[in-house]
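Here the structure is laid out as structure tokens; the discussion comes afterwards.
Lettered A, B, C, D and E in written order, each chain numbered from 1.
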Amino acid sequence: MAHADEREIEEPPPDEDSELEAHLQTKRMMINLGPSHPAMHGTVRMKVELEGETIVHADLEIGFLHRGFQKSCENVTWNQCLPYTDRLNYVSAIMNNLGFLKAVEKLVGLEIPERAQYIRVAASELHRMHDHLTCVGAIGLELGGFSAFLYAIEGRELIMDRVSELTGARLTTTFGRVGGLNRDLPDGWVDRVYRTLDKIHELLGEVDGLLTNNRIFVDRMRGTGVITAQDALDFGFTGPCLRANGINYDVRKASPYWVYDRMNFDVPIGENGDNYDRYLMRMEELKQSEAIVRQSLKEAPPGPIIVDDWRIALPPKAEVYGTIEGVIAHFKLVMEGVPVPPGEVYDCTEAANGELGWYLVSDGSGRPYKVHVRAPGFAILSGVPRMIEGKMLADLIPTFDTINMIGGEVEQ
Amino acid sequence: MSLRALSLVQEKYPDAFVEQYTDRTGGAWGVLKAESLRPVLAHVKDDPQLDFKLFLSIDAVDRLQLPDNDPRFEVVYFLYSVTHHEHLRLKVRVGEATPEVPSVTSIFQGANWWERFVWDFYGIRFSGHPDLRRILMYEEFEGHPLRKDYPLRERQPLIPERPIRDIFRGPGTSGTA
Amino acid sequence: MSESDRKKPSGDAQPSPPGAPTVHPAAGTGPTPTNPPPSPTASGPRAGIEHQPPAAKPPIPPPTPGGKPTPKHPGFVTVTVDGKELVAKPGENMIDAVKKVGSDIPYYCYHHRLSIAANCRMCLVEVSNSPKLVPACQTPMAEGMVIHTNSPRVQEMQRAVMEFLLLNHPVDCAICDQAGECKLEDYYQRHDYRSSRLEGEKLMRAKRKVLGPTVVLDQERCVQCTRCVRFMAEVAREPQLGMFGRGSAEYIDTFPGKQLDSNYSGNTVDICPVGALLNRDFRFRARSWFLSAAPSVCTGCSRGCSTFVDFMGQDMYRYRPRENEQINKSWMCDQGRLSYKYVNQHRVAAVMLGRGEDRREATVPEALRSVAEQFKALAGTEGLAVLASPVASNEDLLATLSFARDALGVRSVFVSGRPGGAGDHYLMTPDKNPNRRGLEWIARGLDLALKPFSELAQAINSGKVKALYAIGGEVPVDPSLVAQGFARLEYLVLQASNESAITAQAQVLLPAAVHVEDEGTFTNLDGITQRFRRAYPPRADVKPHWAWAVALAREFGFPWAHASARDVFREWGPRVAELASFDWDGAAPPVKIARGLNPLPTAADGRPPGYREFGPPRDRGI
Amino acid sequence: MKALEVIIAIGVILGAIFGLSALAYALGGWIEAGFPFFGHRLVESGLPGWAWVSNMLILVLGFVMLIATFLTLAERKWSAMIQDRIGPNRATIDLPGLRGRPLGGVFHVATDALKMLTKEDFRPKVADALLFNLGPILAFAPVLALFAVVPVGPQVTVFGQRVGLQVANPDFGMLWVFAIASLAVYGTSLAGWASNNKFALLGGVRASSQMISYEVALGLGLVGVMMAFSSVRLPELIQGQTTHLWGGTVELPRLGAVNLGIPAWGLFLQPVGFIVFFAAAFAETKRAPFDVPEGESEIIGYFVEYSGMKFGLFMISEFAEVVILAAITTAIFLGGWNIGFGFDSTLTRALTQANLGWLLGAIYATVFWIKALLLCYLQLAIRWTFPRFRYDQIQSLGWKILLPIALANIFITGALILVDPSLRSLAVLGFVEIGFVLALTLRRPEPAGHEADDAHLPADAHGHAPPPLPGAAAASHH
Amino acid sequence: MAYKATKNPTTDLRERLFLPELLRGLAITTRHFLRNLFNPRDTNVHVVDRKGPNLVSTVSYPEEKTPYPPGYRGLHRLVPRDDGKPRCVACYMCATICPAQCIYIEAGEYETTDPSSESRVIEKYPTQFVIDELRCIVCGLCVDACPKDAIRMDTGLHTPSEYNRSGFVWDIPKLLQGPAVSHASDPWNKRASSATPPHQHHEPHTRIGEGLVPLKLPTGEQQKRTEVTDQAIPVTRFLKD
């Protein structure tokens, strides 16, 4: 273990400046935060070396939630991967579902029906709000402002209701299929979404009133968890965490997919790269997402929701029940999966926490040969030691909150 | 997508690429020689014409079951340029016997964890990595699970597993449980 | 690529559809390499059987104008298939030939071992010398012919044929055993994939008509390709099936009052491209896509037909014939087909010590210690005899007999084995032991004399033999009689795979693996040695014979460290003259294991994987 | 219906307080007047003032502990209401009439107590046994002792004896509060150290440093009031606050002369002092936003290793501190039992004439507790509204903000008192300060900056003014 | 068109003074407190995004329940035919697509002599159909994959709790519940007599649980059976087809 030795040599020799300090020897305190600790979202273990309350060195240990995502996906058909993608970022599962499907569709060379694109946009943005509300609420919670948390969670709960009406499940949505969607919008759903958005708007105002200008909150957030733009790029920050550094990179704008180019929205950017800016990014994006949901639902055209190609999409049920053609196509698709032609693709969407990249390799069979997920949280989490070393122990809390680490996607 | 970048790199380092591809999805990528990986990555990061400063990720592909599987592993680097809005995909191929690739942690700090990831799951070493430990699997784990020849059913529990007996009663439980 | 290879449960024999399925042509389908071709080809990694020799590229002779074209390559026929030049032997079938250049012509009725019927019309192709589309199976290739297997006309025709074939096909995939290995499914998805345009009613005909002991017929599903009729007439030479009726009322059936009771009737199920003929033994027991296949050898008789073993988890479901020009062509007999059952049933599962009331389960070291203790005392004396079964593989015999010679000091070996039976006119032989020739060779190679079983009985009765080391539990006479004889033995060490009357008499019963659970070789009665592959690992303490021999030898103090059948063959194979030149690795069938659809791991709570959670498969059927 | 329930609940609470106060007065009067002592009555034996015994029992064990106990319920119920939840509503007693009626979750208090008492009393093997056990006691005992000097009701004549609701009225008055409050730090720091747990140690260190830091501000915040009323004894402070700053006597029919003036409550005279004292005392209670010693999402706190009733002592001492802080603040800044605005004189006159001293005292005590309960609510609301300070920010708040403000306040107050002993100019300054803060609070915040910058964007891009949608407009909320 | 959303509240006196913003926060929470204190809780769980005077959206679970939306993925059921047997023909599609491998099926064959005319048509039925509800991840792919409309997740129930794991292994007697479903394309509808109903090919475009053909109902015998089923599980829990 040569590298371990090198590290020990790199450590600075003990400070022998003054005689006084020689007598007043202080030892650094090593404490373990996690894997089961209220501040460690999911199960992350952080070995922290403290000098007083100042973090001298932090070492993150992840993997407690590892489920073998890639290996699992390599052994099921493309559509069967969807439940696995649910469990990556389980707070915005739809975005994972649809992001994965988008990559597969790109590999196949499919263009999905327009209505499906609109619904995908609306569902994604709803779940972006879901994710951001959770994050904002969690910031409140872990900084002690419990009411703000519950107001945000109330909004999140409403989105969950809408999502369960849309997808059939609150959390693990398994929404969408290669080539489109597995179900259309339920009756009256659009109106309920509008009402939900109204309510969330009101709740957000309250969260905003409780937190944004509160000096206690501002003091906790501003100037803590700072990362420079250079470092942020280096570590691979994307999404709100990168934009908080003033770097304008949003996949929805940089390479618009689905119908995002028809959506009227803006990308908020920050400048300081601290916790406060990251918090503001999420608050602003909530408003932007709300606008996108409204717009996409308003403009969604009628029409089919999945491609009419029985090699890709399951035939309509009546055809399956009644005709041999339908049942054959159905069987072939279930048995062998979508025949994705051999090749590889890298494709990305803007998930709630940043660029959700998929690197897919197909060998031409119905199952993926390789599914690499570039989870935004993984890169961001790897930058956390940089953000908190030299800061106080308590700064760890808002930092962990604002990066919105989701164990499921980081640990695959 | 990143053909421009590939050709720019080609200009600067004529010998760097083993192969270049474009595929039907519109993606383009290049396979680099292992020794030119670090210079090329440093170049694409710093050259203002390229400016691939955003480090996305690293992963590997075990090509064991693909028709063309020599060398066996392919380490893939994903970069993005926030100024030119381009993705860049670079690959390095490495054989099975001594899977070792130069580390790029000194160029991109974010590579640290991803390289640990690749080491963990594919057993590809990164020479010059400051702290090449497993990242998601536990230290006691043997083997590299994403290799295609790692058996899917292999189990390496740290705590001995206790079989759960009552499930073996089989179906028909709606009567007597 | 043979017919039987095609019918594999996984998708390995079915190349994925050409090009990318797309509804948006502008998106582009094929990869565009700037340099070399990008990653994997369509055939995929699991298409290992398919071998595509590169087309020969001799120098191009100058073209001759007018008249009958001069052969471009003298002695060969040169045609152009989909823009690629193909050099074929005269008389070669077009369907087989075009595969060499990567073209694929679909067909139902064609079979390379049967006569040409050309009645399914699926193989229609466009050729330069005919205004109409011609059936590829029937059309001889002419010099300079230009063949299009994939032109729009051909595609439209394939669609039309598929539509016709499906017109009267019942909506039966859900209950049809053929689903997953059905050519209708494959070709529909590849060539048609349109919805039904049928407005009227489908024809209704006899379903589930039992044709004989092996085969059940569903006349609705039949596409009238007559492969089965031709097989029974031409290969089995027992014409028991016929086509009856005319036009849309045409159907397959047995002749009135007759049954399909040939010993080769099972092959009609194999060659049936749809689910019309189904095997009654396999019926409804498993879905084909769950089954994994491993190349193996039938152990039903000394013919040693090459087979595929279809298995799921640690259970075997069926044999399918594997193409082997030397032995069984593409066929196997029904008796052999059913001979797999001993692999699943009445297996010896644990090491047992003691006889009668003292019998108890024991650990492996305990049993080995006990054997070593007893045998060491008797080693080299007349009182210790060795009984070897010709059902064991060559590797098993090599290791066990070497152990018997070196450690037990015997000079001769008694031969057990299954009792003889009937043979037939084609493949089945009277000797039901798959490896008698191998046993003979090995005994000779190891300087051991072979003695018949009857002498052992005498020796036991006379009290000459007190202890017996038996490899394999099969005996040529009634097992209960043998068991009575064995009861007189003071010490019986038996390595057996299946429970029988004899295993009850063993003081030490060591559970032995069967051939599907290990690698190895058999030598059939013609002296052809065949490798077989392991399908799945044995359960619990079950070990191959050679492994028991090695373990016992170590207990005796021999430094044997053979870890696989391969090691065993490397060590002792060269001592047997006939096996010395056998290329053990090279003779391995190319496909290791064709995976079933769901090889997912066990659950976190340690339960076995999904489908066979509740015990071994049951015997069902009509 | 709900309003009725609320009114009934409030009535029950007030009735209980009133009854308990009346009981305290009656008992005190009876002890003074009729309690046999050395064969004589107290008055006759020359040992008056023994009513403190009953006061101690009823005030400290009755009022403080009961209110603190019910605050555990209130904390959950009120926070639930703040956060749009229901709160405790499950525990019921299987008795006729109570069956299936959770009564707003009031029985949860009992179940909590039962839980605390019956939980395993766990002690880590590596902990220091003596100090570990001592911790909760040292944290709890001083808190109760604090209440000794707080007067809950005025001195009235009961059974012919002058009785007040105060355990002790020493000359040093408020200094007792400062002295005892600083003792509680031993409990927490011992608990943190003795647990032999790094998290607990961090919590203990944080707690002790925080409590010691805020001692200073705590004292200085009160200096202004003490100067204004020239006393450190709480009854005198309250008495001082009953005076009127402005306003004249109005002769009303049947009620006689009524002074409709603005009372000289400490809050009006010393808003800055109030804030400083309240913040500092809040920090002493170690409740959010000053709960870094606990810091549930960071280090879990000095009592991380405690369970059962030992943990319960820490918890209940926290709530007792809440009550006591509310009581002291009421006494010093909200005029104690003083109702103000002319009611006092009328009421006193009427009831004194009717010789219903106990009634007068009980009414005043109820008023006192109403004020204290409002302050309790304030503390709870603060706890559920604000985020937590950071450890160093607490220190800088104490040393860099509260301390200078308190000092400045003292100098200004001193100067103003010197100039105008009638306290009116001090009150004017106080009103100006209060008005300034309220004005800032009520002013609408400016719209966020970006909207002005990006005026060219359509309005609905920001989601604030979405176009009227058929669904949204038609949506009725039953 | 990115815009700077960052701001610096430390330049604002209100923020610097602590008090104004704290008071505003207190006002928000106190407003909630008072609103919830004086207004009765609306137990109408249908309208969860209410904006009325009382905001409490908590559902007191066992007493109040939120209705499952149509299409919600609940506990599985095996859909019965009109004659009470499962529609399932043991085609293993659900077992194939189940990512959790929680479905175990064993197929059986109706006797050729089975008096029921339907069995003549169907031949195959599940002798075992077992779902390990502990393994199930409720992804709903099995419902998608069923070519016979034989498995649905429209019960609106969750798996009830059990004391041992085997209780979570649901087999046919437990799974077979809910109203019977019949389609015109079902083989017994086509083959029951020589006068076969016309084959309906282009039934309306259906996805899971929608647009199904109305129940083919019922003779007196079947009516009785349906009622029994309804008693066991209130029909309201099932979604309208």
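Methods note: a residue touches a chain if its C-beta (ideal position, glycine included) is under 8 Å from a C-beta of that chain, and two chains touch if they have at least 3 such contacts.
Here the structure is a predicted model, which is why all the values come from computation and not from measurement.
Hey, what chains does subunit A share as contacts with subunit D?
E
Quick one: how many steps at least from subunit D to subunit E, stepping chain to touching chain?
1
If you count the contact pairs for each chain pair, which pair has the most?
Top-ranked chain pair by contacting C-beta pairs: A-E.
Just to be sure I understand: the centre of a chain is the mean of its C-alpha atoms, right? Then which chain's centre is nearest the mean of all of them?
A
Could you find the chain whose CA centre sits the greatest distance from that of subunit D?
So the farthest one, by centre of C-alpha atoms, is C.
How many Å are there between the centre of subunit C and the centre of subunit E, using C-alpha atoms for each centre?
Taking the mean C-alpha position of each chain, the two centres sit 44 Å apart.
Starting from the mean Cα coordinates of subunit B and subunit E, work out the distance between those two points in Å.
Computed value for the inter-centroid distance: 41 Å.
Just the number, please: Cα centre separation of subunit A and subunit B in whole Å.
About 21 Å separates the centre of subunit A from that of subunit B.
Multi-chain contacts only, two chains or more: what residues does subunit E have there?
Touching at least two other chains: 1, 3-5, 7, 14, 17, 21-22, 24-25, 28-29, 32, 50-51, 55, 57, 93, 96, 104, 128, 130, 147-148, 165, 185, 199, 201.
At least two partner chains per residue is the criterion; list those residues in subunit A.
Answer for subunit A, listing residues that touch two or more other chains: 75-76, 109, 147, 154, 192, 195, 198, 210, 213-214, 216, 248, 266, 268, 284, 319, 321-323, 327, 330-331, 335, 343-344, 361, 363, 369.
Would you please write down the residue numbers of subunit C that are in contact with two or more other chains?
20, 27-29, 31, 38-41, 43-46, 171, 173-174, 179, 196, 198, 289, 597, 599-600, 605, 609, 613-614
Help me check something: in the complex, which residues belonging to subunit C touch subunit A?
By the definition above, subunit C touches subunit A via 11, 15-17, 19-24, 27-29, 31, 38-46, 166, 169-174, 179-180, 184-186, 188-189, 192-196, 198, 289, 597, 599-600.
Quick check: in the complex, which residue numbers of subunit B touch subunit A?
23-25, 27, 53-57, 59, 61-62, 65-66, 76, 78, 80, 82, 85, 87, 89, 108-110, 112-114, 117, 121, 129-132, 134-138, 145-146, 150, 152
Show me the residue ranges of subunit D that touch subunit E in the complex, using the header's touch definition.
1-3, 6, 78, 81-86, 89, 275, 378, 381-382, 384-386, 437-438, 440-441, 443, 445, 448-450, 453-454, 457, 477-478
Would you tell me which residues of subunit E are touching subunit A in their complex?
Going through subunit E, the ones touching subunit A are 1-10, 12, 14-18, 21-22, 24-25, 28-29, 32, 48-51, 55, 57, 66, 68-73, 93, 96-97, 99-100, 137-141, 144-145, 147-149, 153, 183-186, 199-208, 211-212.
Could you list, by residue number, the parts of subunit E that touch subunit C in their complex?
89-93, 95-96, 98, 101-109, 112, 120-124, 128, 130, 135, 147-148, 165, 185, 187, 190-191, 196, 198-199, 201
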